[in-house]
């Protein structure tokens, strides 16, 4: 059984790669080969379903791992024998992720068949999708940090390629470059974190590292280093999952084709950061978790405020994505491990649905993306509208939809966290964001689908998308209904996902570095050493969760309702004029519209700074270093002037110190060679005298 | 008594010759008229010859007069005549960098004189040899025969060289 | 006035030597420079003779002086030839004007 | 009586010199006899040189001293020493003179002078004879006179192409400068004579070990004598004549001066110092100087000054002959480094250096001469693109210059290597560093010629320079020697090692 | 192992080819080109043969018996006289894990460069003769185990390089050529001095039982061979070893090139013709680091341990500084040149760590940098041949015009950035792992990681400026790659990807040698000497 899992997952991993290779090398000759990619994805999807099923049903509690040695260096005196292992680990989280990634990837492939038709690089587009799916699956399957990092970079590459797919547009290539470089910043932190761990534990494998931590071995014998490692690895997530302050790349990434945005920049890749956090959750100390929670909360708030005023349909969705990712990160930070992952899954579905829906709208509107030019599309494209609406309800946290379950859980977690640790700011942010989300999502829906069409010409030509595009929408919308996850529409805990599949593991960090509530009540030594057992939280925590459950629910419902209401007041019934309000609050409005001026800030400081500094250095290198090593610029100029009369070689050579020196000395020697023999004789006589003075015996 | 007189005569002679030598030498290097300095040279050579006599080197003195006065001086005079228009009686020569020359010479002379005075040279009670010619001849064909022959070659080479340079030939 | 001894002769030669150097350096006319050289050689000769006389080294000094005199003759001959050649090519014998070979 | 036996014994030891003198006279006579066509004369000269070389070689291994003077207490030390050290330098002189005669065949400026060829070769023999005596002389007077013999001949030769004013000027300068320095030397000799009462180096050596020597006077005399010798080896600050004379003189003579007379001068200097101022040689081969005059620091200063001055001045030269003159000054500096370590190892370095320097320097001069024959100029700018118009000459000259720079795999590297080995072994690291930096500087002007020949194109298309077959062979042989010694120098060093005997007390 | 002296053949084959070419007519350029191609190809084959017969477990480094393909015989043998011991110089060749990758690299790069030399028109005969001479010199440096031999080969490359840059180079070729020559010679004189110093400090035990001074590198590594009064013996009171080490290091650092001695590199690269840039970046730069590993480390272990932090510091400076300066370049080729300054910094950093992982990474990085930078320079050459300009801002949108070319460019660029799956990543990662593992160099390593970011910045920026954006109409006629250029790019690409996926193929070659090297350097007490025995 476990072999089957391994083999299947290897197949799942490699199928997209095969597709990529085939399409890349043969796509030019046989344009139809893009279908290979789609078919292979389909197979992969089937396999992943099998894997999911067999894992959850037959091997629910036992994890399957397989690894091989990639690099081995024997008996090295400094660090002992080193071997770098690569391998897979399949637990429930992996299995679920496999399914989610494959499903959405497949749907997006299908969607793209129609959406991208007629593009001049049609086949290569599918190739890129293939390489992305491959890398993403690598991240999902890995059981060690190095392989994680490797595929981490590879998804970066594929995202780079896909964002810059229409590289003729400067904005596109800019966005691609920005995405890669900003991600690199996070990756550096992640890499250093990995270095710390490896230096101590001589392995990259998660479980081995955790066992050692559990047995009390700390990096460089200090909790601080453990915290640092946690935060540094988290930096990778900050980059990938577009957390503040590195979130600026994601909205720009919308330059890519819309299906790509759905797949990479909404559902899967950006979620990889959260996935990473889920993987390293057990080694996070309290300090690290607090940092993570704050970053997540703040990110979600910032993104939500920005989303309020955006007019580009994809930009709105992008910022909502950032905001939701902030939610997940925050929930990891507050210890709501299971809900984080749960929200990851649900969000993947409804956000993919939203993006694909927007794609279908854009497709219908001939690549019009400004929602102020839309309106009234409800009648023209009903299927798109209803799927879009369902997803919107889900994301706004309306009961009976998946989003409500996960968001509610997260909010409850934050509330409990606030109660236990006194960090009340985090739940406050959380609930505010819930309200804002409801508002801007419905603003989007209303402006796009309700009311009068703003641009009649475009409106006339608008039409419902063909089946291959609407089918994925339907599937995803259906997956946003609560029933798939739990029988009880208001209690996620009852659901099988959280009850049987996803368990919050016990932390392995030293007790003194954990939050009080993360400590097992019966803190016996053995319970520390074993990993991935169901967490035995402290009594207070369980109580707090129970206490928080209903307040959280009602509160979230209230703010959601409020947000929806305001949205309707403003945009549906036009009771209040948004523009007037904007005019009143001009400052805040611009602040939000311009994304808190963060891009401008970065351009002014970091980017411009680096470029200026580098050009200064280049000058320095050219003039000074070359100068100093060759005998300093000024002297150089002087010499070349001096030797200007002579052969150009000397001019050239004069730049070099030796030549300068020699030129100088040589000239002074030349003075002596007057050609008058009597002068020479004078020199001789003086020379004799001087020698006599120097070398007289006393 | 007469010995004392002799010594005085010796001293007087020495100072006389010394004066002749040095004064004319001074004129040689200072006067602007080449012909004059050539003639002063004559006196210098005579003075040196006299000093040789005082040093008991009569043979060398004779050779000095023969070779220098009879040979080299004439050569130099010819040189002067051939390299100047005879028509203008005043054959003048300029002088170059006097100052460094003066400094150099001054320092140098002081150094040399100091050396000469403060060194305690090997000096033994000198007995004036009766005849030097025979012994010199003996030395020439015994100890110094190699050098003597070498000088022969040297003269030959000098002859060839001088001839081949000075000879006016059509080319 | 002290007894005339070795030192007196040596001083003469020293002065003669210096005068010769002075002449060599200062005189424009090549022939005059040659005269200076002759002075130098003569001063050396005086040394030899004087040393051999007072140091009682036998007659070596005199023989050496003889050699030097002969050599001086040969040298003068060649020198004159070269000077004449110079006069032929440059139509003057001013040493300080013959400086075409230089940097 | 002892004088006769002494005489016969001595005559046996100076056979090469006798032959040289004889050939000289034969040449003069030949010049007189068939003055119609003088094309035999060079062959006579070659024959004479070969015979001399043969007898010189036949002296290899013999060591003896000729013409003992009666005032020498121990009877077996005369004024003329025959030893392997001398033989080595005599062979160098012979080889270089042979090459010079070969050069003279190909040199236009010499071949133009048809009716004075006899004198030309006679004077060359005069020089060679003078050098031989310089190499072997152990008596100050003999040293002085042999130097004069060589000088007088070379004065004339320097001005031999007398219609060219450059040549005449060179002769005059050489003459005046030489006369003055030899005058200084003579005065110094007279002082030494006054101090010791003898001119024989061995006698002086034994006397100056005694206490009653006035050191100031002695060092004064030493410096004066060194002025004379330093002028011959053209070491700063007595080098001033070198560039002008080298530039003015006919190329063959310049080449001859740059190698042979330098070699003779060095042999003289080494023998003078070794015989006069070295008390004994310790088993490690280090010479123990008598503590009367600080030759070591004097020579260190002189050599550093010499090489620095030579190299740094050469950079600015546009005339190739003049540049080579300065480079030869620089090489004199390097060679002096071999002396300043005052050990047999330094001596080996000097011997090796000279035998290699002989080949590479003469080779360079030969090519310069051949090129000057055609393009009638030695200016570097006229060499532009020469590597393309006549690749053979270009490449050969490049090899010689690289060897002069001292880069592997040419023999020049071996020469420098042994020099530095000697220095490092004597723990004179600082000096070695200075010398190394100097050789880096020297790269500038050597490579500059290459640059003009290969990197810059000729503005006007110069016709290819064709070399006659003998010259081609000659150049190829020289190049081959340079390259072979560059990678396999064992025989050379073995030979040098066997030539270390300097006849001493 | 192998019946014939393979190392000598692989080294001197090009010399033979050079002579053949000298005797060929310049009227038939193609035969000359093909001869060169064949010779380099044979070299590659021989290198592969070497690899096939290579014993992976033999360590080499400091014991002669574990070297492979040894060829050793007496070259210079001067019988001693009392006061000067025998002079014995061996013709001594052999390879171990340090040199094997370099031999492979040299053969490969020469082959590629020979292909890329097809476009040379000017005086082909001379070019290929010098090219082969250069090839021989490089190969010789990597296989010789006698310091004297090593030095001769080391200097042998200078002159061909000078001419190849100076004759076939760009507008300022003469300046660049002389600058290269002077810098390198300046460095190598110090090497020479230290070589002589070592020669006098150490002796080797001959079979006949008596000790003689030696240039044998392996003997020079053994502290027991140092006589206590030797100039460079550790017992020598005035600390000459340190000075000697610094001199030696400077000599090698100029070749690397290490800041602040790097300024010859941009000039040389920009002016040199494409194949020569390829060789320069691909092989010559490695000689510096190879020399440090082969000579400085094992012969001065004590000083190495003492100075490792400074070496790492210079590595860090190279990484950051080179990247920053590259960021500001306007000339494509200059940018690549500075990027290799930055990449050689990784090598320095890895070596300085004195850990197996780090040194392995360093050598691996040497190899990878060789292949990747070679490819980058070929890329520059391709676009320069077509457009005759290298200005980064003169281009745009080439990706649409030359898709295949762009594909190769992307591979090369991302390899240079250190993208996983390509060889560059593995070596850089190993370097960082190793350097971070050593306490002394940890902080420097953390700072150096900035290099990853900056590298991505300038590479992607270049990619964008040249290949993305709207197509500049001026270049609407540029043709995509032809067969010959395929032949240059494909092998390199394959190697880059293969080693990225399966690095052990290269790491296993060097691993055991690196282990023993690190062992030796970190543990040897060099104060033992003859007197101590």
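Residue numbering begins at 1 within each chain, and the chains themselves are lettered A, B, C, D and E in the order written.
Here is the rule we use: a residue touches a chain if its C-beta (ideal position, glycine included) is under 8 Å from a C-beta of that chain, and two chains touch if they have at least 3 such contacts.
Computed from a predicted structure; not experimentally measured.
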Give the chains in contact with both subunit B and subunit E, ordered by label. A, D
Among the chains in this structure, which pair is joined by the largest number of C-beta pairs in contact? B-C
Using mean CA coordinates as chain centres, what's the gap between subunit A and subunit D in Å? 79
CA centroid of subunit B to CA centroid of subunit C, Å: 7
The distance between the C-alpha centres of subunit A and subunit E, rounded to whole Å, is 38
Let me have the rounded angstrom distance from the C-alpha centre of subunit B over to the C-alpha centre of subunit D, please. 33
Subunit E residues counted as touching two or more neighbouring chains: 174, 178, 182, 186
Of all the residues in subunit A, which ones touch at least 2 other chains? 649, 653, 658, 670, 673, 675-678, 681-682, 685, 688, 692
Which subunit C residues sit where two or more other chains touch them? 10, 17, 20-21, 24-26, 30, 33-34, 51, 55, 57-58, 60, 67, 71, 74-75, 78, 81-83, 85, 95-96, 98, 100-103
Who touches whom among the chains? A-B, A-C, A-D, A-E, B-C, B-D, C-D, D-E
List of subunit E residues in touch with subunit A within their complex: 174-175, 178-179, 182, 186, 259-263, 321, 324-325, 327-329, 354-357, 360, 397, 399-400, 414, 419-421, 425-426, 429-430, 432-433, 436-438, 445-446, 449-450, 452-454, 456-457, 460-461, 464, 467-471, 503-504, 507, 511-512, 515, 518-519, 522-523
Can you list the residues on subunit E that touch subunit D in the complex? 75-79, 81-84, 87, 123, 151-152, 155-156, 158-159, 162-163, 166-167, 173-174, 177-178, 181-182, 185-186, 189-190, 192-193, 196-197, 199-200, 231, 240
Touching residues of subunit B toward subunit A in the complex: what are they? 96-97, 100-101, 104, 107-108, 111
Quick one: which bits of subunit B touch subunit C in the complex? Just the residue numbers, please. 7, 10-11, 14-15, 18, 21-22, 25-26, 28-29, 34, 37-38, 41, 44-45, 48, 51-52, 55-57, 59-60, 63-64, 67-68, 71-72, 75-76, 78-80, 82-83, 93-98, 100-102, 104-105, 108-109, 112-113, 115-117, 121-124, 126-127, 129, 132, 135-136, 139-140, 143-144, 147, 151, 154-155, 158-159, 161-163, 165-166
Touching residues (chain side subunit D, partner subunit B) in the complex: 3, 7, 10, 14, 21, 24-25, 28, 66-67, 69-71, 79-80, 112-113, 115-116, 119, 122-123, 126, 129, 133, 139, 141-142, 145-146, 148-149, 152-153, 155-156, 159-160, 162-163, 171, 191, 194-195, 197, 214, 216-217, 220
